[in-house]
Structures are given as C-alpha cells and as structure tokens.
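Heads up, the next two complexes both have subunit A, just with different partners, subunit B and then subunit C.
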Partner chain A sequence: MAGKIVLSHHNIDFQKQIEKISGEKITSCDQCGVCSGSCPFTDEMEITPSTMMKMSQLGLPEVMEANSIWICASCFNCMARCPRGLDLSKVAEALRQISLRQAVDSITIENIDKEEAARLPSIALVGAFRKLTG
Partner chain B sequence: MENDKTETVKIPYFPGCTLKTTAKNFEQSALRSMEKLGVEMVELPKWNCCGTVSSLASDDLMKHLAPVRDFIRVEEMNNTGLVDNEYRMLTLCSMCFNTLKQTNIRVTSSPEDLQSVNQFMYLEKDYEGKVDVTHLFELLDSMGFDTIAERVVRSLDGLKIAPYYGCLLLRPKSVGIDNPENPSIIERFISSLGGSPVMNWEAKSRCCGSYHTVDNKAIVIKSVKGIIENAREFGAETIITSCPLCAFNLDNRQEDIMKEFPDFDPMPVFYFTQLLGLALGLGDEVLGLDDNCIDPRPLLKRSGLYE
Partner chain C sequence: MKIGVYVCHCGGNISEVVDVEAVSAYAGEQDEVVLHKDYSHLCSDLGQKLIAEDIKKEGLDGVVVSACSHLFHGETFKKVAETGGLNPFMLEMANIREHCAWPHSDTPAAATEKAKEIVQMGIEKVKKNSPLKPLKLSIGKNVLVIGGGIAGIQAALDLGDAGFHVSLVEQKATIGGRMAQLSRTFPTNDCAACILGAKMSDIPKNENIDLYTYSEVEAVTGYIGSFNAKIRRKATFVDDSCVSCGLCADVCPVSLPDEFQWGVIERKAIYQPLDYAVPNKYLIDESACLNIKARKKSGNTEVCRKCEAVCPRDSIHFDREDEIKEIPADTIIVATGYDVFDAKQKPEYGYGRFKNVMIGPEVERVIVHAGEGRPTRDLGKRIGFIQCVGSRDEQLGREYCSRVCCMYATKLSQLITHMATMNGQEKDIYVFYTDMRTFGKGYEEYYKDTMKMGVKFVRGRPAEVTENPETGKVTIKVEDTLTRQMMESEFDTVVLSVGLQLSEGGNRIAEILKLPKSADGFLQEAHPKFRPVDTQTEGVFIAGTAQGPKDIPDTVAQASATAARAMRLMVKGVMEMEPVKAFVHTPLCDGCAVCVDSCPASALSMVEGGTGRIVEINESICRGCGLCIGTCHSDALDLHLFTTGQLLGEVKGALSGRKGHEHRVILFADTMCTYKLADSVGTGKKAYADSVRIIRVPSSSRVTAKLILETFALGADGVFIGDCETKSTPYPGSIPFTGKNVAVVKEILALAGINPERLMFFQFATVMLPAFVRLMNTISETAAEVLTSAQRKMLSEKAGTLFEGGSRGR
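On to the complex of A and B.
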C-alpha cells in the first residue's frame, strides 16, 4: 500500500516561504539529480543540491543547517540543466535570505586578513557581503 | 585616435568599480583597442556600482535600484547629446554585465516593477526601458571578427589560448551571450587575432569559486587548480577571461597554489583585451602586463610577441 507523506503546518509554512522568496515551484522537482551532477562544488557540500530541493519540498528547516546553501555561489549551472526548468540558484538564495533576514551574518568581517582585503577586487568584497550578510 | 577606415562610433560605457581599481589594465587595454577599431567608449556620467551580484529573491526589488539608476544615465546621455541614439550600454566586467542585464530583464518584463522603481526614484527621470546591456564580446562579434582580423598587425600566431567563459557570460541563458553548453564566441575572437583557441576543454565554464575568495580561499584554490590543470591538459599556454574576479582567482591565487603544491606549474592569465591590444599593435604602457600576477612576458617572448 502506498504511504502518504503528511506535512505539518510548520513544514507547509516553511515550504511556502521558500516558494515565495524564490518564486520557484519547488514541488515540481522530480529528484533526477542533474543539479547535483552539474554543481562544481557538490564535493564541498554537506548535502547535495538535489537533497536541498527534497528537504525544501518537505519544508524541513534542517536544510538551513547544511553548509550547502552558503557554498552555492550562484553559478547557474544547475539551472541551465534542470529538465524541469527550476532555478535552484533562486532556491539557495531564498534559504540564505531566510537566515540573513534574522540578521545572522555568514561571514565575519574581522576575520578577513587586512593585507588580503587590500588587494582583493572590490567585486569580491561587495559580492561576498551582498551574499553573506543580512 | 586617428582612424582611417571607419567613422568613430560613440557608445555609452559602464566601467564598474573594479575596472577603476584592480583591473585598470583591463580598462586601458579595452579603451585603446576600441579606439583603434573606431569605437569611442563614452563613460557614463555619475555611474554607480551595479551591486556586483544580482539579487535572486523575488521580493526585494530594492536591490535592483542601482542598475536602473545607471540605465537612466544612459538615457540621459542620449537626451543631452553625449551619444546619438545609442542605447547600447557597453560593459567589460562579466559580473557587471550579468547583474545589469538581469535587472534590465526584470524591469522591462514587469511594468509593475518598473513603475515601483520609477516612483521610488522620483527625483530621477523615469527609466523608459530603452537600454540594451551589451558585453564587449557581443560588440566585437557584431562588428565582425573578420573586420577585426584585418586590423591585426601582430598576429598571435601559434599561441595556444584557452577561452575561459566562467559563469556569468553564459548563464542564466536569458542573459548569456552564447549557447551556455557549447559557446564559440571567445574561440572565434581568439582565431581573429591569429591565435589558436583551445577547443572543448571541460573547465571553460566551470565556476572559479567567485567571492568565496574572501573567506573560503581553500575551495577557490582547489577549483582554480583544477581549471588550470584542465587547460594545460588540453594544450593551453595561457587563459583569457573577461571577469576581474575570475582573473584574480585564476591569476593571483596561483601564488597560493604554489605555496601548497611546489610542483605546480603556473600559467599566465590575460584579460582578453590585453591580447586584443597586443594584436592591434598597442604598447606596454597600455597593456599593463606589469599588473598581471603570473608574469606573461616570458611566454610572449618565447612566442615572438614581445621584445
């Protein structure tokens, strides 16, 4: 007999929040795994992009604890290849935003080496602060 | 500069922050090369930072204000006669190009968003949606690579050059300047200068690690090492890019790689405009080769392209 996954209100609210910020219909992901195979940084991630999608579909807040959402640098490779036309870059951005909007930064500015900071291109610094601070 | 064959075309030019700081050699080589090709790049008056990375959240239109302000500058340039009916907004930096174009697509495809942005910036004239964000590669392609080939005075004969697209020239598809899976524009550019483009190398559009270079150097080093080694495996002697962040990661981070892997064989990295300028006969003072991290001059000397 087929089982049915029943989501709690809490899970549904979280799932809807991700869909609202990302603008992506995450429930249409088929879990084919092309995103995980295309991501250049899957090796560095605690959960793969497709797992991130599955957990988002189920509205599991634990997805926020994986480093994956912070490793994603929006290279759009998964998006270019997703057969369902989903933009995972937007889903990762939504998950980052959910955290950053609580005013929890994901980078410690004091830890940036001063000599390094002096020679880094401004687009590196502005990019990092836009992506990693709330 | 004198130009004997064609009339000079004036095009609005958006430099972005990095072209004025760590990538001055990119800007200088582009400005002077384009002069040679009959294009005057007219810098936008009072331009502001584009924001570097496009906001991908659906609910923060606020983060698209900066690019729209720059689009208004381009429309003003047309109204004040700085340029004549020229709404192409020329960019060199891949990040600026991508960020500006993503915003342009968003506001020109959503009248509601455009209205909100215009109402918010009530001290500015309304943005009318006329701007066409254009990357220099697209401009060169539209001028015809054959035409550029005719202007080459120092052919890059035999130089094996790997075209590095990175992410933001190609993706998302709606923004990209070529087919995201099988691009050819940079290969055609290289051929027009007489160089040999390295074909079908796997890492040509692989992410270098981008802004992680600020606080997670380790993953950038690993990524860049893979990219350089892949280029070398396919026979490359050098890599060209159009992104100052890719350039920093691919070029400067090789010093970090060498500390960790003493056997690592470094490879020079150029802005594509440095090789364009070289082929068009521009000199050292314009090319700014001193500012490249891995000195490219030994390679150029070996190839008979530098005295």
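On to the complex of A and C.
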C-alpha cells in the first residue's frame, strides 16, 4: 500500500536539526543517486543513502527507523562522488546522534539469555541497546 | 555650487537594506547640496525626467546619482544630465547598490551608514569636477570575426549582407565548426551537413567577406575603431588550383586518426577535412607528412613525393611557408566555440580504458558513416547513455548545466532506433539522467516522441561502469531513484553525454583580447540580461558557445545579435569616449622632463612654452593610465576625471561619517578588473568588511605615493590598491610602477613605526570573488586599530617631502 506523508512544521524543525548537527546543507541534494551506487553497503541497507537524504530533506523522523544510518561506515565514497559536494557520512552521524539522544533502548537486558550475555563482549551489549545494526 | 542628490530605491534592491530616506536627508544637510530626493527607479523614464527637469528648473550645476555601479548605468545618467542641459561630466554616480546594499544586506544599519559616506564621496568629488568634452573617435566598417563555426558564419553573413567588410578567421582548414561534425540536429532531425552546407558555401560567394581558414590570431592591438590583428596563415602546401579529385590521398602512405571524425575513422597525411569543406581543397598535415618532416629534420627534399607526382594540376608544393598577415578592424566578434569535456577525468566511467565506452560526439560520426552505408563499428543491441558527464558536478568544479546533452542523447537514441527499425532490428536503449531538461521550442514534444519509441529513461546518476574483460561488455551500476532499487545492467555500448567547455582557441583569444571569464569558465558578457553579447571591452562582442553552452537556434540568434550590435557602433562612423587624458597645470611645470620617459605610450614631449621648456601631452596617444603624475615633483600633471583634487575629495567623503574608534580602509580600484570585481562580489551578495570604501581609478599607477600618504594623513587606517593581473591589464607599464610606489610608502610606514601591511597591493582577475572578500577582510582587520593623530601628521609631512633628496627629482 502506498504510504502517505502529511507535512507540518515539525518536519522543518527536524530537517533544520539535522542540518545544524551535520553542518551539511541537505536541501541542496538533487537526488541523483550517485551515493547509493557508490556505497559499498547499499545492499545491506533498508533504505538507500539517497533515500536517507530525501527523507532528511523532508524531515521525516522515520529515517531513523531504518538500519542504514547504523550501517554507514563513513568510508566517504559517497562524498567523493556527490555532484553537490555533500558529505552524507556527516548526515548519517547527525541522525545517529539524534537517535542516541532519544535514549530509546532497542533491547531489554532482562530478555537476554544469561549464557548469551556472559558470552557477548560488553561493548557489543552496550552497542546493542541503542543501535539497530541487527 | 548647486548640487542635487538623488537616492534610488532600485525597486527594493537598495531600499530593502539601506534606509534611503535617511541617506537622502543626510545628503540634504551637506554644504552646497540644494536638493535631495529619493525615488523608486531613477533609471526609469520618469526617474530620468525627474532629474533632467530638476537640473533645468533648479539650475543645478552638479548631480550625484546614488544608485548602481558607474559601469552599469553610468552612461544612462550622463545622457540624462545632457538632456537637462548639464555637462555630462558634472554628474557622479555613488554606487550604493553593488558596493553597499548587496554585499552588506545582512547588516542593514551598517549599510545605511556606509551609504551615507558613499553619497558624501560623490558630493565631494562632484564639487571638484569640471565640464569636459567627450572625445570623438571615428569608426570604419571593418569587422574581424574570430571562429568559423555556425556562430561566426551567421555573424559574417549578416554583416556582409549589410555592406560591412568582414575578415573571417578560422583555425581549422574548413569553416563549419562543431555543427559540421554532427549527424542530425534536434528537434527536427534534419541533417547537419544539409542545412549547414548551404550557409558555408555562401561565405566565399559574399564579396564583402574575406575568409582566412587554417589561420590563427596571434595578437590584437588597439581599441575600437583601430584594432589591428596579426594572423598566422598556416601553410597548407596545396594551392587553390586544387579541385579535390582525391588522387593524392589515394597514394599517400601515411594514415592517422581523423580528428574531424573524432578518430572513428582514419585519414591520410594529405586530406580534405570534410567532403563539403569550404574552401573545398586538400591540405597536408605537416606533422604527419614524410616529405615535410624530412625537410625540416635533414633538409632532404626527396623523401616521398607520391602525391606531388600524381596531382594532375600541379597544386602541391612542399616548400610553402606560413604567412603573417595584419588585418585592421573596427570591431571584433569572438565566436570561438566549445570543446567537449575530457571524459577521462571521470575515471569511474572507464572512457579510454574500456573500448565499448564512447562519448556522444563519437557516436554522431558512427551514425553518419552508418547512414552513408560505410559502417565503422556496431553499437550492439543494448545501449546505455550516461548524462551529465562533466556537467553539474562540483567534484570537477563544473557546476553548470551544459544545456544540450539531454537533447543530444535523446536525439542519438532516436536516430539509433530509426536506423535499427529500417534494418529490421531492435535496440534496447536506456538513458540514465538526473533531470531531463528539454526546454526549447519543440524539445518537449521530441522527448515525448522518443519515449513513445520505447527508449527508457531511468532517473539516477550512475556510480560506475565496469567491463567484462572477456566479452568487452560494460555494466552500469546505478540507483533507480524512483523505485529506490539498485540496478546493475550490462550493455554492448555505454555512451557518455559529455558536457561543453570553452575551447582551447577561446582561451587563447580571451588572453589576447583580455576578456574576462565568468565562474563557469566561459567568456563573460557585459551584462547577463541587457548586454548579453557585449563584452566589457568596447567594440568586442561574443557569440555562440564561447559565451556559454547553447544549442544551434540560440547560437544563431546570438550571432545575429552581435552583428547588429557591431553595426550599431559602425553605422554612425563616430563614437564618443570618456576624456580620461593627462593634462598639465602649465604654471607648475618647471621643465625637468622626468615624466617624459616614464610614459608607457610615449605621449609626452618637451616644448618651448611662454616661461621656458614645459611638457606637452599628445591627447590622441595618451591612454589615461595616470602614471606620469607620480613622477612629477611639482604637482604639474593631472588626469581628467581622476584629478588629485577629485580623488582627495572622495577620500574626505569616505571618512566623513567616522564615529569614535571606527576605522576605514580605502580601496583604490582600477576600472577594468578591481572595480568590476567589486561589482561582481556585490552582485553575488558576498559580504566583506563594511569599513571598505571604494574609489575608482583608471589604473593603479594613478595612485601616487603622495596620494597614498595623503589618504592616510586624512584619516584612512588602511589603503588597498587593486589592479589587473599583468597579462590582462590594459596598462602593462603600470604594474611595476605601482609596485615601486607601494614599496616606497611601505618603507615610510615602517620607519614611522606603522605596520606596513596597512598598505596592500594586489592584482586581481575579475573572477577572484573569494580572494577579494578574504583580502578586504584581512586589511580591515589589520587596520582595525585607528592611527593616532601624531602618526597621521608624520605621514602628512612625509607626503610633502617625498621628492627631497630622492632620485626622482631634478
């Protein structure tokens, strides 16, 4: 079913927040898609890098629900080719920051098997609370 | 004096930033100002009438128009003064738009204060103005057209038909240019050779046109009405008796890629550039011909004379040499055209590495040869076009759209499809684009027709092309940004739709004629809307893709426009010019003659005057650089329109509104580069330090060491002198002279314990917008701490004793 977007001033606020944190003028993205083709991890992403940019332009908070922002490894391939000179890794980082600041845990510690918890490196556990890399 | 001051709103351009009423009221408080008004559009008919009527009614003998740049509407308002019965040189422009409202649009309060001072500068200058007569210059009817593509051809034909004499210079061996290399033309699909061939053959038929092919412009001197071009007519080694029978090429043993054919086929060392070439004759490529190479290397004249032996008309002569010819011209039209982007600079697309990655122009020729039944290569069934290669790409520093690539890719898709259909084949064609721009008349319909034919348009800029080394097939990796899916598709041929750039020849001509370029690297027009084919150099015009990417209809329209603009100047036979000429205050001249040798134009000489030997200036030779003034120890020399009194008046005006510890920087800007650049910075709304006040001078050498010191003494805290780059200045002699002046003053500043960096000299190109902003901010910071009155007094004393004991005096 095709989705429906209803825009409000909240979207503009979110877009401006991303621009402020990332320092990138995301509205200048012309959606050519060269980033998606250049990204070595697009196949692993739920939305392509260019989709991340479009959703950020429109200030759609759903952009943070996709795993893409966590998969971005900041390899800068997209930045090296972006014809508008944008650095998408900064945008992804901004979205990660916003997401982290919302302090929503994606796993509950009680639900982790004790044996598994003992086996897992602690950094993986900490990462798993807030990140969505699956 | 009765001065009227007018402050323009410029329809909001100024008034949305500057409080124009406050500026007008401020002007009204100044001495000798008897009238002050603000008005929405002073350049409008009503605005002009307002000024002209006030001059008559109020008996104004000085007018300050506070509006846009002198370079923008200066001429308009000079005419208004004349209409009102006032000498046009009693009117001054105060540039509160490009130099104030626009660059300082973020700080309106500061902009208003600055505008007041700029108006004051105009008032102080006009007080020192004197009525002058414009110089009259006679203009003949000779036009030099550089470039024989469709633009040059059209301009030459229009001018020739109207009875003007045209010298058409083309560096290739035939006219026709880039259009002659095309297969068919959008949106009508008529063959380029068919429609262009007729126009090309009209050139030699026109008795008013002299055609010089295989010729290069090496130098141009002079100015409107008296240009003189030196052209090199390269030897073709084949005389005009050639009838293009082609026997010579049949026996020539040397083959090489044919550049006219983008290398898709080969030609011989003796060749005809095009089967409908004008002039229609063969020529020898001296870099490939065995005989000519041997002659040059060892003097042996007997190596390979096969073509000479078979020529039935004895047209071939290996000993011909280049000829140099001088062509006088009253006006010049530059129609040097474009080169295509070098696709190798985009290595991810594999051009030059993968044999099945081609550029659009190559495919044009492939289609021509296939259409003539002589196919050169098979493009295969699956063909992918990649758009915007070398266009709209900040990674390459090329932000502009090349304007023709969407349409030529669409056209090539159609032509390939048509040809396949005729042969009972099918093609799978995909065009990968970011935005399709089909804006011209009939273009959108053409695009729709192409879609109907089954060509697929996929929205996405491909990331890379890879090759299967075994099959040679090439794969495009791209996101379809509409379905948000990644796509990897194999093609038999990938065609890169390469963008346009100023041609190599265009770059050379730009240097020779000192024409500025816009940020996109193409030649800059005098005004993007109202003077789209003029350049800032009077009498020089630009047509076609030298000015920016454009299609054939726009090129032809622009070419006709240049012809009309050139005729506009030439039909009158005379032209008026600003009398920027040096003059002598005779009683002050003591005949020391130091100035005589300093003049770069040798316009000065010594004559017997009433009181002894004095200097005399030949006005028709004087170029108005003002250099001589700095060599005179007795203040006997001066320059009309830029007298010492006028310039010091402007300095006083620029410092008039200082409050407390505010600092001021005076920028002496040469007209051709720095002043124009400051205008461009304003037009681009780029902010820089608002302490900067700009005073226009013809050349940096007008700014004498004494003037610099007096500027500091009057209250400036920093002085910046801007001139052109040495290669582009109309006054090459000025640069070293200014360098010396600046060094002298810097030394004086250092001795006085003042940071010598408060004085800066920089040579700008008109495209250096960021550099201008940076340097203005730098000097403003350096000059932020105001000089003490003791320091100013010291510099004032130094100004009076500059020539004492020095080598410059008697």
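Rule of thumb we're sticking to: the second predicted complex is superposed on the first by the 96 of 134 C-alpha atoms of A that agree within 3 Å, B and C clash if a C-alpha of one lies under 4 Å from a C-alpha of the other, contacts with A are read in each partner's own complex, and residues count from 1 in each chain.
Going forward, contacts are C-beta pairs under 8 Å (C-beta built on N, C-alpha and C of every residue); 3 or more make two chains touch, one makes a residue touch a chain.
Computed from a predicted model, the values in this text were never measured in an experiment.
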{"item": "First (subunit B), second (subunit C), both or neither touched by A:D30", "value": "second"}
{"item": "Residue contacts on subunit A - larger count, subunit B or subunit C", "value": "B"}
{"item": "Partner chain(s) touched by A:T42 [first = subunit B, second = subunit C, both, neither]", "value": "second"}
{"item": "Contacts of A:A124 with subunit B and subunit C, given as first, second, both or neither", "value": "first"}
{"item": "Partner chain in contact with A:Q97 - subunit B first, subunit C second, else both or neither", "value": "first"}
{"item": "Partner chain in contact with A:A80 - subunit B first, subunit C second, else both or neither", "value": "both"}
{"item": "Partner chain in contact with A:I12 - subunit B first, subunit C second, else both or neither", "value": "neither"}
{"item": "Which of subunit B and subunit C A:T51 touches, first, second, both or neither", "value": "second"}
{"item": "Common interface positions of subunit A, toward subunit B and toward subunit C", "value": "80"}
{"item": "In the complex, subunit B residues that touch subunit A", "value": "16-18, 21-23, 49, 51-53, 55-60, 63, 93, 95, 167, 170-173, 180-181, 205-207, 209-215, 219, 223, 244-245, 247-248, 252"}
{"item": "Contact set on subunit A toward subunit C in their complex", "value": "30-34, 36-38, 42-43, 47-48, 50-51, 80-85"}
{"item": "Subunit A to subunit B touching residues, read off their complex", "value": "20-23, 40-41, 44, 71, 73-77, 79-80, 87, 89-90, 93-94, 97, 107-108, 111-112, 116, 119-128, 130-132"}
{"item": "In the complex with subunit A, residue positions of subunit C that touch it", "value": "348, 388, 392-395, 434-435, 459-464, 477-481, 484, 486"}
